[in-house]
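What follows is chain A paired twice: with chain B in the first complex and chain C in the second.
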Partner chain A sequence: MSTPDSDSNSNNTQAITGTVPEREPGQLGRLSAIYGRKLITVLIFVTVGFLIGPVLITFVASFFQNWTGILPSGGFTVQNWAQALGVGAESIGAQRGLGGFWTFVAPDILFILQLPGIADITVSFPFDIRIPTPIPVALGFSVLLALLGVVINLLVGVPIAYAVTRYDFPGRRLMNTFAVLPIVPGIILGIAFLKTYPGLPSVIALVLGYSLLKIPYMVLAVQSSFESMDLRSMEESARSLGASWTTTFLRVIIPGAKQGIISGSIICWTLAAAEFNFSYVVYSSGPRPFSLFLFENISNNPFLRAAAAISIYFVIVAAVTALLNYVGENGFSVGGVR
Partner chain B sequence: MSTLDESSVLGRIRETRLGQVIFPTTERGRKRRRIVALALPFFILATFGAFIPLAKMFRISVSEEFLYAAQGWTIEPYRQLFASIAAFIPIIGTELSSTIAGGTEAVDDVYGATIWNSLWFSAITTVSSVILGIALAHGLEKYELPRKDLLITLISFPISLPGIVAAFMMIVLFGQTGFLTNFFAVLTGAEPLNIQLTGQPSGTVLAITGLFFGYLYSMIPRATLLLRGTYAEVNTDAEEAARALGATPMQTFRYVTLPQIRPGIVGACILTFRTALAIFGTVLVLKSLSVVTFRFDQLVKVGYELNIASALAGVFFIFTVLFTFLSLRYTSAEVAQ
Partner chain C sequence: MAEQVTIDNITKQFDETVAVDTVSLTVEPGETIGLVGPSGCGKTTTLRTVAGFETPNAGRVLFDGEEVTHVPPEQRNVGLVFQSYALFNNMTVQENVEFGLKMRDMPKEQRSERAAELLTLLDIGEMGNRDPTTLSGGQQQRVGLARALAIEPRVLLLDEPMTGLDAKLKTRLQQEIGSLLDEIDVTSLYVTHDQSEAMVMCDRIAVMNDGHIEQVGTPAEIYEAPANNFVADFVGTSNRLDATIRNGTLDLGHATVTAPANAPNGSVTVVARPEAFTLDEGPIEATIEDRFYLGEHVRMTARTPDGHELTLRFDPTHAPESRHVTLSLDPDRVHILRN
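What follows is the complex of A and B.
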């Protein structure tokens, strides 16, 4: 058994490493043969529990009145959600909510009318105006902000992905690495942005930052779609049938990569909506991005209200992930700098 | 008359190098124009979004006056920074730092300590999450598991969560009212206050353990997905042959699978390490360890020492770029795509 077999065995492994593994498995090898598979299976389920468990706990706890000990208690309530969303009469809850108020604080004396002969007439306006921003408006703003970033990502990411996939030119590999790796961490970019464009409205700065920080995900998603297409022959047959290059690109190539473009957009949207580091540094005025609303809740509010605020976010992400699966992609394609 | 003039101007433009890119006469030239046109939006975005702000930040780091406009030139922030880094080095540090700082008084080693914290903590979390990622990717790729698609979706879910939410998840598990804290408190009879992993003073073992899990929460999903891409390309015929020839599962992994996935592992390490260095939200909420990103925030928002912050950012940026490009170049790393 051993002599003819070990010969072929040594040939086989020499192609990979120089040493021949022990023929007889040691104690560890035997243990791993018996328990290895079970161990890794358990590890997978423990990890899923570690990753998803707190999400479920947060979600469930947000519907309870208090939480001490292992399990939440105190009965079912939607109060935490109402407070986090700023719905309802309590002004403190509403102020910390996503919407908040656009406030006009009236000065004590508006103006003094001085007319000859009569005593001065003081005109005052004792009412401060506080216009509550409805939650749908504020939420819509946050969605829109991330969406604008995605539009820029599309305009920038699709062409560069096509260029590095279809054409061969000097510096292609470098450009590929450059487009695919996140250039700078969000917090550094944020500080640099603040000093370079001090007068820029937060809205524009945020959209620019989102599009720049999330571009690698778009390029990767679109590129994987392009790589599964025979770009050269598609382009050549369209050209030979009389289409101009621009027409070919817009009406043949892009529709072909629809799958990657859609999944790339969804990934970029989710990540932009969740972007915190950059928003935290850059945001100064105007309606607040969603991630800052989360931070406000986590750092200042009672535990269960923060849980409710985060649960709102989970609902959004779960909806988007479901959409992503519906589009036909399992999970996200690659990780990067957050 | 005027049309003639224009055409001669156009003609002269056409003769220049740039003109030949814009108005090509050959098919090759037209192809070059297409590549330039396709790459142009990206470069415009990168220039205005990244290069100009980064250059501006570098300018601030070497200027004497920076509150209103960057004026003057000095290398003082870098001198302070490197003196502080040198002061952190044991044995030779004190002498070296006073040489760099040019003074006699002792230099505070706070930046050196911060950078060291970032490096060792990122390295430990990277190694841990990549090892876990290998095991997870192995199991997900090779074993028959129920609802595998669901498992993969669940494992990738935390990628879309920002760092602050990862920190909150740790509070949910390990905080004073946390699920696991109270579970172990009931089990061992200890006070939750003494075994909670969040809300402890910065730098203590318990606090750092809590932050460790917080980092892992963001990094395991990324590492697993990167390695799953690598595992998809492994040649299973060789593994089956090895098993048929009598190798144990461990030997098969050690001698057949591992050599094939090694480039993917190195690539995953590089990307995960970069991720770990850039994590900020988790630290901001948990406040367990002073890492570089956290220090930026303090310098800018609390102390307004923008020049040192810029210098630190510059060193950080150059380090990440050099690290990425050199390690991609001089190792067998493959960044799975």
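What follows is the complex of A and C.
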């Protein structure tokens, strides 16, 4: 017979033949066993240092008068920051050079209602208000715009993340895929916005665009939190203990996904604040978005002024991150049992 | 006061599948009934129907005679304990236990006092301020039980509460919680696939299979007098042998032994637990094929001359050394199933 079984024992206990060679760790294996961990530690420090170094030097340099070599020189000054922020007497001229005051312009057209054959109404703002807005105020407004985008992201993203994690429904996979897919680049979405809603004020367009572009990051972050919870059992526990579905959702399910919500908000805010392509295309009037502030300070300006603008950006990002983290860590217990 | 829970002819269908098919069961006040059976037998669906998370297609659920079939879960006042513990990860242990009381608007001081009492009762009194995710599995399940008991539930429902725990801890927790359920006055329904766990924890056991209840009885009744082949097979280890009873003798084919008293003539199935066989000069011949030393006893697989497999167990000091053995069967320890 030629079956593989037949060439061993005639007994019914089948012997397994052949020997397995011992595993020989190669030279590389031996080296990695000895030095691997140290090497990785060094690599991490070098990489982090390499990335953080320029940021730190830029920040420090923004307070100096010269930055020609590797290290800044020439003594401490707040001049660069003052210019970037548009405060102090001599900076105003520089701002004019940039194209005048940062102004809050009330939109001429508030909204257009067009129903073919029925109505064609255009409501315009009756006054032309141009209020010179100081740059710090404009920056603060821009921070709020991005935050408003985060609020919309939360209102839309958290329920989507919950639904795709908790329930099985037709089209669940499709919804999941679309929710986490950054479908269009900012520049395309910007042009599409301009074409579709020509009269939309910049402020509204920016908020809507930010929330649309950044929603995948919110869904992904919150979904990972939901997936680590046994949602169904937690809900059923809460309900058996006397909580309605709404109470359960607000006091148990959402606070349970706290970590994902905090990290999702921070990611979405940071990305919205840094979104240049969309802002550049859509922005027409009103306080300049954050990313355009950076752009204008970087192009056609002394290097140290750009450094100051970037440093301002870092400070604001750090502050908002800390704020979101604080609100997240402490805000949820308000509705809880505490 | 503990209440009586009545499941009255409930049927639950999911699409084409009938998960529970006209099941009736009454849990007496203060009693713990175990729902056991293989996975997919309908035990969890039955429990969820009592909790209010499933509405039966037919039949009623009654608490102390009051119909609750359509009462939403948050108004039923049932305590639920899950295999996954399902503790609220945004709250401390103490807050978890207080949650149900908070929903009942109990004043802060009273509820923290009650929560502390329950945590002490469950032997985790010092863990109130801990984050539940830092607790071990056994401790988390104690929190889950304290949380369910805090609301003085009309019925306590436990869904495989020990399944995720390791064997040693499981044994300890079974004894502890078993006696706790005896002491406190609460009616409980305990779902498990592990019949030995149900025997430790429960006053009575309902064996379920394929949407039906096969038998309800005390652990001893279920073990000693299984109602049918399924129960005999599911609960404990059993040898089932085809036999014929003729005037007080039991003809096994290869051997004839004394029949149990009052057994009527005819063709039957004999259910004999491993411990019903004793090693002596008896009429049953067998060849030992495998032996497993398990410490407390030795389990052996033997084969009769006509090819039936028998599972036997012996005290390690009296375990036979030889390959061929003769056995006798204790007529008082066999159970006869009519064919």
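FYI, the second predicted complex is superposed on the first by the 215 of 338 C-alpha atoms of A that agree within 3 Å, B and C clash if a C-alpha of one lies under 4 Å from a C-alpha of the other, contacts with A are read in each partner's own complex, and residues count from 1 in each chain.
Assume a contact is a pair of C-beta atoms (placed from the backbone, for glycine too) under 8 Å apart; a residue touches a chain by one contact, two chains touch by 3 or more.
What you see is a predicted model; the values in this text were computed from it and never measured.
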**Which superposed partner A:V78 touches (first chain B, second chain C, both, neither)** = neither
**Message:** By the touch definition at the top of the document, which applies to A:S224: first (chain B), second (chain C), both, or neither?
**Reply:** first
**Message:** Per the contact definition in the header, classify A:M234: touching chain B only (first), chain C only (second), both, or neither.
**Reply:** second
**Message:** Let me test your reading of the model: by the given contact rule, A:G242 touches which partner, first (chain B), second (chain C), both or neither?
**Reply:** second
**Asked** Which of the two partners, first being chain B and second being chain C, lies in contact with A:K258: first, second, both, or neither?
**Response** second
**Asked** Per the overlay, which chain contacts more chain A residues, chain B or chain C?
**Response** B
**Request:** For A:A319, select first, second, both or neither according to whether it touches chain B, chain C, the two together, or no partner.
**Result:** neither
**Asked** For A:L144, is the partner it touches chain B (first), chain C (second), both, or none of the two (neither)?
**Response** neither
**Message:** Once chain A of both complexes is superposed, is A:M175 in touch with chain B (first), chain C (second), both, or neither?
**Reply:** first
**Request:** Report, in rising order, the residues of chain A that make contact with chain B in one complex and with chain C in the other.
**Result:** 332-333, 336-338
**Message:** Quick check on the complex: what are the chain A residues that touch chain C?
**Reply:** 229-230, 233-234, 236-244, 247, 252, 255-256, 258, 332-333, 336-338
**Request:** In the complex, go through chain A and note every residue touching chain B.
**Result:** 5, 8-9, 12-13, 16-17, 21-23, 25, 28-30, 32-33, 36-37, 40-41, 43-44, 47-48, 50-55, 57-58, 61, 67-70, 152, 155-157, 159-160, 162-163, 167, 169, 175, 177, 179-189, 191-193, 195-197, 208-209, 211-212, 215, 220, 223-224, 245, 270-271, 274-277, 280-281, 291, 294-295, 298-299, 303, 306-307, 310, 313, 317, 320-321, 325, 330-338
**Asked** Which residues, counting only chain B, touch chain A once they are in their complex?
**Response** 30-32, 34-35, 37-42, 45-46, 48-50, 52-54, 56-57, 60, 132, 135-136, 138-140, 143, 145, 149, 151-165, 167-173, 177, 179, 182-183, 186, 213, 217-223, 225-226, 229, 241-242, 245-251, 254-256, 259, 271-272, 274-275, 277-281, 284-285, 293, 296-297, 300, 306, 309-310, 313, 316-317, 320, 324-325, 328, 335-337
**Asked** Any idea which chain C residues touch chain A in the complex?
**Response** 51-53, 72-80, 82, 84, 86, 88-91, 95, 98-100, 102-104, 144, 147-148, 151, 153, 157
